[in-house]
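Below are structures written as structure tokens.
The same chain A turns up in both complexes below, where it pairs with chain B and then with chain C.
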Partner chain A sequence: MSKRALLPRWLTSEHPLPWLFPVTSLLIVFGLYPVLYSLWLSFYKRNPATRKEKFMPSWNWEKLISDERVWDAVQITFTYALLALAIQLILGLSIALLLDTDKKGFGVLRALMTLPLVVPPAVTGMMFLLMYDSSFGVISNSLYALNLLSPTAPILGTGSTALLGVIIADVWQWTPFMVLIMLAGLRALPKEPFEAASIDGATGFQSFIFLTLPMMSKIIALAVLIRGIDLFRIYDYVKVMTDSGPGTATETLTAYAGTVYFKSANFPYASTVALATLILVLVTASIFIKVFKVRF
Partner chain B sequence: MSITAFKSIARYVVSIFVIGVFIFPIAWFALTSIKPISAVFNKDRVVVFDFKPTFENYKVTVLGAFKSDTQSNSTVLMGTSGKGAYDGRGAIMSSLIIAICSTFLATTISLLAAYALSRLSFRGAQGYMHWILSQRFLPPIAIIIPLVFIFRDLGLRDTHLGIIIAHTLINIPIALLILKSFFDDVPIEVDQAAMIDGATRFQCFYMVVLPMIKGGVAATAVLCFIFSWTEFLLSLFLTNSIRTVPVKITTFVTSTGSEWGYISALGTAAIIPGFIFILLVQNHLVRGLTMGAIKD
Partner chain C sequence: MASVKITNLDKAYGSVRVLHQLNLQVDDGKFVVLLGPSGCGKSTLLRMIAGLESVGGGDILFDDVRVNSVHAKDRNIAMVFQNYALYAHMTVRKNMAFSMRLNKTDKKTMDEKVNWASSILGLDDYLDRLPKELSGGQRQRVAMGRAIVRDPDVFLFDEPLSNLDAKLRVQMRTEIKDLHQRLKTTTIYVTHDQIEAMTMADEVVVMRGGYIEQSGTPMEIYDNPNNLFVAQFIGSPTMNILECQVVEDNGTNYASIDNTRFALPANRDLNVGQSVYYGIRPEHFNVSKQSSSDDNNALTGVVKVVEPTGPETHVYLTLAGQELCAITRDRLELRPGDEVQLQPDLSQVHVFDGDSKNVI
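Then we have the complex of A and B:
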């Protein structure tokens, strides 16, 4: 204890500063600074002919508000996120209930269920492109055989089905995520309330509705939050599978920002659209966290 | 047959069917990778098993044989024919370097920060945690455009180091939150005992607490690796010539047709490391996916 201090206290391991310094500096330089840079960029108007940028703070934001493609994209983003989330949640919970048993062999099945999670999303997009292919795709051909699909209206080439086609890929990849979390939730449930309920004559369905669901509500909220945020910033599947098409039928907000960036090189406006995604995610997530009291 | 026995068998059958549905796309993809080109592109019917297996696709994409060497007698003409256009070796190397380095970097610096957040109480710790969490919710698209400019100015664009930094950045919030939850599991008395024996904070972290959470660190590293290995958007925007595997695969889709043989071969090869890793960390998977919010 009597050791003479060679360094000021804030440089020793007693102080949080040295511990937090690497993470904090990296996050500021490559995380916070780019967001501020984006904001600053969004205050400039780009002249496509001269490629010069002029400081006009409200130009891009006014353009954003009046841009119908943005509103379409917001609508598509919400449709995509909510539909995918609902399907994944219902499937995830059902499959978790199915696999939640100590019987022989189910451990292997649970492990196999996790495999889709490690497939790169770009590769997932490719897998489904292959199966959807209108001439030799196995899904398309099966649907032709069942008369559910016509070769003249390919899944991803038709405006009304393209978004669903992309959602199915997302559902395939991320339902296992829900299954795993729901399984953890089910395993952590206390046994006594269920025993009491069955003594009182409750059916399996009743104890699911009145016991399982309420006791799982915190975990369900958490899973919905994490998955929901990822869904709002969806990019990979759309980029690989449809590239926002046909037309703009599958253009989510992130995809639109990408399109503006790659196709028109209007960086200030692309930044504005990207920031709109950030605002949408932050607002939606904050409301959700407040309403459902999610804690980390 | 009794009802319980019937239920039990029904549960097995339904479970195996469900898992089968989730494994099918991967199996189909892997099967496509060993089909000869005539079986993949058969327009009359979907070829399932009646083909002669070939490893030509792997020879081209993973071993670097020239496309023309293996397809000289093929009648199907499509895709690009540039030398090495379908050689995935460079992409595999790049992906490996980037994933290993960014995993190491993210895990190491997150360990320090996570220890401080778990053990040293300081003002603003809660706020700091929220900032980290908000980084996890940040859509990559919101920082990507400025990052392109920043990287260009720093000479990091289209370099391995650039993507390593980008992936580290995205991995930090996840790694930090998971590691903090593992540190929180270790009783604070452990630290106190070590410090009474004369250990400094850093010695206490490095020699006492860190060995106690080895499993957690390994699980965190695996998740970081999988994330980096599968990441698409950042790699796509930040590189031109250096290609990670997911981006490389998407270049096999050309305006003259998609090289499904090569896509499925490189895609299947790209899935394998993730499969092995995820089976190794099954025990900590849920904690990892929920960033420490659910402890299993």
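Then we have the complex of A and C:
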């Protein structure tokens, strides 16, 4: 008797539905349902005093449009995402180029490079919080010693530097991800066109500009897309390191949604802000995919 | 244009030596083919000449100027790679113009050169296509176009035809030879295909295991192989080789195997009892049907397979327990199992020493 015949009938099905069922139900329960629930919630107006909710479909959305804190948060989210993305992309590609060699010892370096990725983001936030501390933090004290920063204006406590402080933690944690993707791309490039180019008279820099970058463009676009979507949803670093402060200097959209939810307990409006983040990510990502012709 | 000279060239990867003290002279304007089985070091040698591999020892000279440490981009060479190595994101035109774009040639000269190359190679209709939209043969031509627009001192070809189908290969072979006759640029061409080597080369360099076994014109190598390896590597169908003992009968030496005697050419320095390889090319047998010959040296074989190719017929037969191939231009109407008589042309018999495998 064949092994196949020993299995229950539904495990040998050649129809796609039984196989799609488990993952589809997971997606529905943990993906689709929360989104639809938020959407439904956003159509209610909550009365904080009575803690009652009343069906008023446009109330929260109108409030969203007229809420200045939302527009500030959108601006901060974009600043955060674009700045962090640019730094991570340039650093990631540069480090990948340096590590793209078969020389001895570089395998270990490539492995060590991934270490920040396994640290939980909240722990990274705490770590940088300690390093930024104005009395014993190694980063702050070094900057004071170099006269680049004054102890009267702590990094995370000053409106102009707080966002950068959070971005640096993000860069430390996520640049390795860029390095990994870029390295995979670089290692997969064929060698011959580069040899042909060097015979054609190209310098190393010219090869990089005319061959490496165009040949890597699809990989770069994909990495930017993945990281970009992630960056728009930034929450952990802001929550742990500055809690949106000082004032609202580091309040991103998700951080604002969190504040509305946990501090004001206005669940319908918090859902609306969260949905606004989703819409922002979808629109931005779609434009990016269209403009840069990203293919999966 | 330039001559290329190689003296005592060495190369090792780690502890593995891949080239051993090579010496080679390629005269200006010559077409030299490096021929050998895979792993013989021919591609490594070519890449060293190109400047893509470092030199382990010895010298490479272009026009008597040492270029060992000159970067590939400064050697003024052009190379055609086995898998074409085209720039996949550039059109045919941009692929061909790339080198000129790098050294900032003006647009007019650039267009003229690309148009000249594309008309030579029949690529006029494809200039604005991407490599992926071309067939293998067309890609190969783009790779050649990229090489010829540079007006290089030396052309290097690394098995450029091995990815093409048989018919295209023959056609491109002729095109490359024609191109060389027109441009007269010094060319070094690597292949493992002895037919390519024979048909294209002014000079063939046969390599094995990092050594040069023999070099000379194609016919020199075909007619007078230095050793057993060269004898077997050149020619298709390959030379018949029989492992024999020298025996004497009435003051005449014979090569003997399984009590069958093969006549040996005179004036060879042989000792009785010496083990030798007796080599003869298929076309140097005179094949006749059993009855028609009474020559002393004639041998009798049994036909196994008959392969008519049109102008000639390849006859595979068994003789003294050995398989032999003979080629005849006569239409003998042979069938498997027929007995035939073979007369070796004594002036074309090669005898190789059993130990050193060098020609005697």
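As a convention for this text, the second predicted complex is superposed on the first by the 284 of 296 C-alpha atoms of A that agree within 3 Å, B and C clash if a C-alpha of one lies under 4 Å from a C-alpha of the other, contacts with A are read in each partner's own complex, and residues count from 1 in each chain.
In the analysis below, contacts are C-beta pairs under 8 Å (C-beta built on N, C-alpha and C of every residue); 3 or more make two chains touch, one makes a residue touch a chain.
Here the structure is a predicted model, which means the values were calculated and not measured.
Undergrad: Counting touched residues of chain A, say whether chain B or chain C comes out ahead.
TA: Chain A has more residues touched by B than by the other partner.
Undergrad: Pick one for A:Phe128: touches chain B only (first), chain C only (second), both, or neither.
TA: Touch status of A:Phe128: first partner only.
Undergrad: Pick one for A:Ala184: touches chain B only (first), chain C only (second), both, or neither.
TA: first
Undergrad: A:Phe205 contacts which: chain B (first), chain C (second), both, neither?
TA: neither
Undergrad: I'd like to know which partner A:Phe55 touches here: chain B for first, chain C for second, both or neither.
TA: A:Phe55 sits against neither chain B nor chain C.
Undergrad: So which positions on chain A get touched by both chain B and chain C?
TA: none
Undergrad: Residue numbers of chain A touching chain B in their complex, please.
TA: These residues of chain A touch chain B: 12-16, 18-20, 22-24, 26-27, 30-31, 33-35, 37-38, 41, 95, 98-99, 101, 103, 105-106, 109, 111-124, 126-131, 135-138, 141, 172, 175-177, 180-181, 183-185, 187-188, 219, 222-223, 226, 229, 232-233, 235-236, 239-240, 254, 257-258, 261, 267, 270-271, 274-275, 277-278, 281-282, 285, 295-296.
Undergrad: Across the complex, what residues on chain A touch chain C?
TA: 190, 192-193, 195-203, 206, 210-211, 214-215
Undergrad: Touching chain A in the complex: which residues of chain B?
TA: 8, 11-12, 14-16, 18-19, 22-23, 25-26, 28-29, 32, 40-43, 45-46, 109-110, 112-113, 115-117, 120, 122, 125, 128-129, 131-147, 149-150, 165-166, 168-169, 172, 176-177, 200-202, 205, 226, 229-233, 236-237, 245-247, 249-250, 253, 258, 260, 263-264, 267, 270-271, 274-275, 277-279, 282, 285-286, 289-294, 296
Undergrad: Please output the residues of chain C touching chain A within their complex, sorted ascending.
TA: The touching residues are 50-52, 71-75, 77-79, 81, 83-89, 98-99, 102-103, 146, 150.
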